[in-house]
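Here it is: the structure, laid out below.
When the chains are written out, they are named A, B, C and D in that same order, and each has its own residue count from 1.
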């Protein structure tokens, strides 16, 4: 099977893996006339959350149907043939960042199993921090795993639970897991959506006529004409049956929520509403806050496209300095090309970003980017601007230094590769060769996304990638090693 | 061969065919150590000029090598395997907008033939307006055509010319053709680049160390680290041999040039230099001129992404109204999805463009787009903004009304489908349901791109799509019919 | 994945499904330097036992490797790339007759699971007659099945067994199953080969230098240069470890064997040794016996190619009538072609078998075929010979009438489609339009394959397809219904 | 495009290239309701004449349609989709032995061109011995060749001929060519079938209702239910128009015919009628003649399957020694497998042919094969029989020693690789390690195929591969060099 990888690219993402990556998006629809078609469109709007693989499972009242593939939603689910393989008025789907090779199809979600109670499919965004331990126990008792996915642990826990109902079995299972999850489960009795007790990963609920829909982000509702109702609450389990009845449980009690603040910084689409706030507005506010905290005297505010654009607009409006497209982004990216040896400066090859030379020549500029991860892309972009004749190149970052790995479903480079884990601001500036460098403060970030200030005792968001303060225990990982990036198991993999 | 069409999309193009489309891009490199790799990268930077098919031909001093495929440059030429099939220090390539089906591979350029003088390859951007007549003559004399491409006419004219040298044979051939062309020819003696006497289609010359390079746009030089030397002049034929000697001829005499003004409006990338001027600056100037000609009292200036962005920045800077991303563009487009019937408003489905509701709700906005062709997309976008709660929606267009077909290598809908050929401005406004609608004036456009005013007797650009004043005779097309869009042959097809 | 089905054909099989089909072949090699390569060659020699799918699993002392695909062994395992994915000195493989669709890959064997004791792979030829019942029990206790294959039941029984060693767990599991099996199991401790207590399905053991090999038929040893040692005995379990130690157990006691007599009639290759006798010799003896039982006065003995050839040689030698190729078989079969409506007699289209008209015109002939299943092919062949001008067409069959379904791993049409289940000999003759029709007698068949006569109390072979005397209980199938072909579950599926 | 090469095998051909290969088969049908379907079936019956590529061209009264592919007819033309692309009541097709790579599709016939007179398609079996000279002249005058096929010469000669009618242009063209051809030409006026003046390559004419059909062999008529009318005569040109009118011309005068005698020995299917005689009967007669010329005292006559079978039956009947299948042929061949190094005797690997050990052990046998080309296969088979325990292995060959290359459309190894060109009979016997070796005499061969004796002055067949007496001049090849196998051009390639 030859799958074209062309243009498999995060809209805001570079080739070098120099961004954090949200690893999954989930979508579900029940009591919808064309549940699979709605799911395909919804997942398409969530494509930025995972580009490597996609799957949809549907239920027609009698049987479950499943289809999955490597690559984009459009590659796998845009045809009527594909959709017609997925009949029924309930469907759930999943986009996923990482799988490798054909065998990887086993790991493509929704995962499905035939339990004694009937079919059971689950789509999961997040990561369990005790998956290895649970898996070992289950295998010792005779469970046979089909995949390497953490998500499969849930299925075996449900299969071997002694409770009578599916909902009770699922609660029984989730009580054993630790970490972050937004789950959409489908069974012959209907759909169950639930979110971990801290609500680390996002999940929203909407309505489209008779249908109830769930998605990782509200933008998935816009594309199908559904209405956003509310967020699924942290620790909430919502059951929807085929009569349309909706039940909400909080089986694990209630706790203060700690959603991932990086959704505001980078993961979510700017036209989504996250944690009650427009992501575009949040990013503009971050840019404005950054302009207040770290102003600079330049001729032009230049976004690193595309993710830096809203913050750059905010920075420009706050500072009064013109916003200009000093970097033009190619829309045809996704592959590394063979380099001609003749090329004068191979480091200067600009397949993806090209300096708008006529604009920046002789000008002092400030570049606005959302984050610095490894720093390699930032360096290339600064060099590119200098080669194009920029007189000064300043750099402002719309998030605090990213210094810690994520164990909750985000693909982070190992800690030793994080620039901010290795050095302070001034050496970082030197590394990327900027004339000045500043990051937004952690309190400034909280303010921009709508809090007065960060509550040190009980932060309103999960900000572990900036602060190292992990909100859950991490059974599979040695707590000491976490901070030193020496993990007993390989890097955490998310589902 | 199944080729994924996912994301085969013009960066600035909508799915509905509601844009004019540049039909080709060409690139050539001679005396370059890795000519094919440089050509692949150069074509990649020209991808916006043609997304349907791509070919590269190389010459290693003894033999010609050729490889072509449907789809993007990256799909066909990013691997070392592909490049290693194309050895030698001379190569030329072509990206193309339209081919249909597998058999279409015959039409993918560069076209190649073995003549008595040896191999002969040609890459052509443009369109001949007497191709049918020439073809008929050639077939009657025993020439056998392999393709339906107009470009093949050149090859047979050269093959049957009685002149002794390749350059003389090519001049002999081009003397017979009428229309627009930018050609890159490769032979065992070297490379010949030439441009039609009016210079309608663009062609620039650059240098990369010892190598001489040619391309449709200067952005192709940036990506390989080559330096822009100058434009190939209208009617100029430049020969470069393997010693590096460069000869320039003007075999058809010199005439005032008339390059295509739409390159400034839409075709060229904003980071290219066209006709001596930064395209980004030209577009900003168009936006500013539009703000002066047709101001409006609104809260936000909103570009129709992505092609409307530079003009919107110009409009915002001139008017002092904030520039905001009121429409968010998905980067994962290219396919039509099956629509769920449940979807409340199927017309409102926004796979590609989504309203930034939080921003526009309750606001008066002006949308800036580069052109209106059929008008269907403009209507959808206005509707989308209203549904998102915009209080007023005004529309400003960065080009004059497009009312005539192009016969010079641009894919235009048949005239009867052009909104501006069917109605005046006020009915157009009504059709797209905007609160107001204005186009830039033709003189304003000339001013923005650097002329004092349009020279009516001898316009400085080809602007036939706006004015109907075609700068050449059109032998294959009935002059009367041109204006009524009733063509004796099917729609003109470009090569 | 597009897999060419061309020439996927049983050498002796027609397109119409008008043969019984052996459903699987197995092969295993341990302590072999290139175990996977030997397995691929061995399976290739067993290709006639299953053409739809193939898999190989290897073990390199640390890890298991697996590769499987639809189609032939040669399509999937002839390349060094394929083999290099399967390192180690132990491997087992499986060819399989039936899977449908891509998802069918789940059912392609060897099946593999990671148990608490480590990897466990199993290749199975045969069918369990209580698989449904066992499966239901397992699911109720929390086992999750990956496939619809009966074979998976073994894996879950082993996974949940409470015995400490793999051998004991396997015995524990097999004690619960009922039916026919020849199994090759691989674990980190070595290879286990075993055969059901009646030895219904074949399994032989051989040696190649240090290596021990197992296969469904001895012909698989010829192709790799291995030596046939002996049959695995009915009910025997042979363990081979990585030191080369071989242990033989008979955990279920010893019983008289009842191997499938159809292996002699049709399934096995003529160059195999089955149940101690050359298959080619057995078939010639069947032909000779048939000539004695049912002679006829004709000019030519004509085999229905290719499976009827050895019996026809035997018939010709016994009768003294010349053996001639009256039917020429095309070697390029496997697909149904669109028929031209012009074709004079569409029924006469002979893509696969063509009459050798020059030979048979005006002659009296006797056709020799191995069996009659549905009778449709026999009819076509008789018609074809008459159209070619044969004066008389007699028909002799090298097996008794096939009147009962097989539940032990052979694909039989449902009973109502078996010609011999529906009518007596004379109506059968009329149906196939032969001048005379005779089958070998059941006792004659026993005599030809080496027994004095059939032991009615305890037959020396399983001959249930002829006699309806099934040698095991059939839990999943209603005993009464067996004979009426009304099964509570769908047709039995073999693994 | 990935095309499975599995089982692409000549039915009578070994993997080692150790046979002469007929390089093409042609078929045509006019005034047939489903001309393309009939052509597909007809080509399928001619598949043994070329397995590498296949093409069909049809004409529906207005347009020509064409489809071609690598691989078998069944892979490319068995589906209704494929056939529905080829509408009309006239079609012609071609199977071809050799093409290499995807670009090879250019060489797949029928070749097609649009001439001033309209479409012109040609399917050609044979080889021109002055193709290079003609091609050079045409290119010098401006003709552009699309393929490397000799057949294209005909098209350009027709295109540039000054005669008014297609028939006259074709005669004009054929007058210039030298060598062997059987051609089927289709034009908007109908079908033209013609054969070179000596009738070297075969071509027969048939009728199916209103339709007239042509084919390389009569077996193609059997499969579609058409009736064989007669051979197309040497030098005859038959025109059939859409009214059904048939015209026969002999534009080059009449000469004694010299059809290829190897069609009787090996190329044609045994169920074809060639040169008025049943091929099966001819082969049996060859076997009988061989038994008379070179008897031997053995226990068994063993054919080398499958091509040696009819001669072996003839030998057995004449000698009274039993015919037995001492070698069993696998039906699943076509690929070379990776060899396990453990294999005791890698030379003994018998993927394709396996000794029937039970039969030959301790026996004296004579092997019957159709020809010896390089001798490598013969050696392997003799070795295999000895390893299986044969007491004596004699070898008899159903053709004289093959000592000369063919220039008329048969793929022969270069002369230096022909065993009979390098040594006499006794060294050959030693080389293949047989106990005795004999070939049929040339006069014996003529007698067996129906002549009294070979007419030395004017042989009744082309037998140049045995005698070196080439019946035509060979312009492209130096006459002296022919016999020394030193050719100025590469090996002759056939179309």
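Assume a residue touches a chain if its C-beta (ideal position, glycine included) is under 8 Å from a C-beta of that chain, and two chains touch if they have at least 3 such contacts.
Quick caveat, the model's predicted, so the values are computed rather than measured.
Between subunit B and subunit C, the least number of touching-chain steps is 2.
Ranking all chains by how far their C-alpha centres lie from the centre of subunit A, first place goes to D. Each chain gets a centre from the mean of its Cα atoms; for subunit B and subunit D, those two points are 52 Å apart.
Here the CA centre of subunit A is 63 Å from the CA centre of subunit D. The distance from the centre of subunit A to the centre of subunit B, with each centre set as the mean of the Cα atoms, comes to 37 Å. Residues of subunit A in contact with at least two other chains: 2. If each chain is drawn as a node and touching chains are joined, the picture is one closed loop, every chain linked to exactly two others. By the document's touch criterion, interfaces exist between A-B, A-C, B-D, C-D.
Interface residues of subunit A, counted against subunit B in their complex, comprise 2-4, 6-7, 9-11, 32-35, 37-38, 40-41, 44-45, 47-48, 71-75, 77-80, 83, 208-211, 219, 222-226, 269-271, 273, 278, 280-281, 306, 309-310, 313, 317, 322-325, 328, 330-346, 348-351, 354-359.
Every residue of subunit A that touches subunit C in the complex is listed here, in rising order: 1, 113-116, 139-146, 155-156, 159-160.
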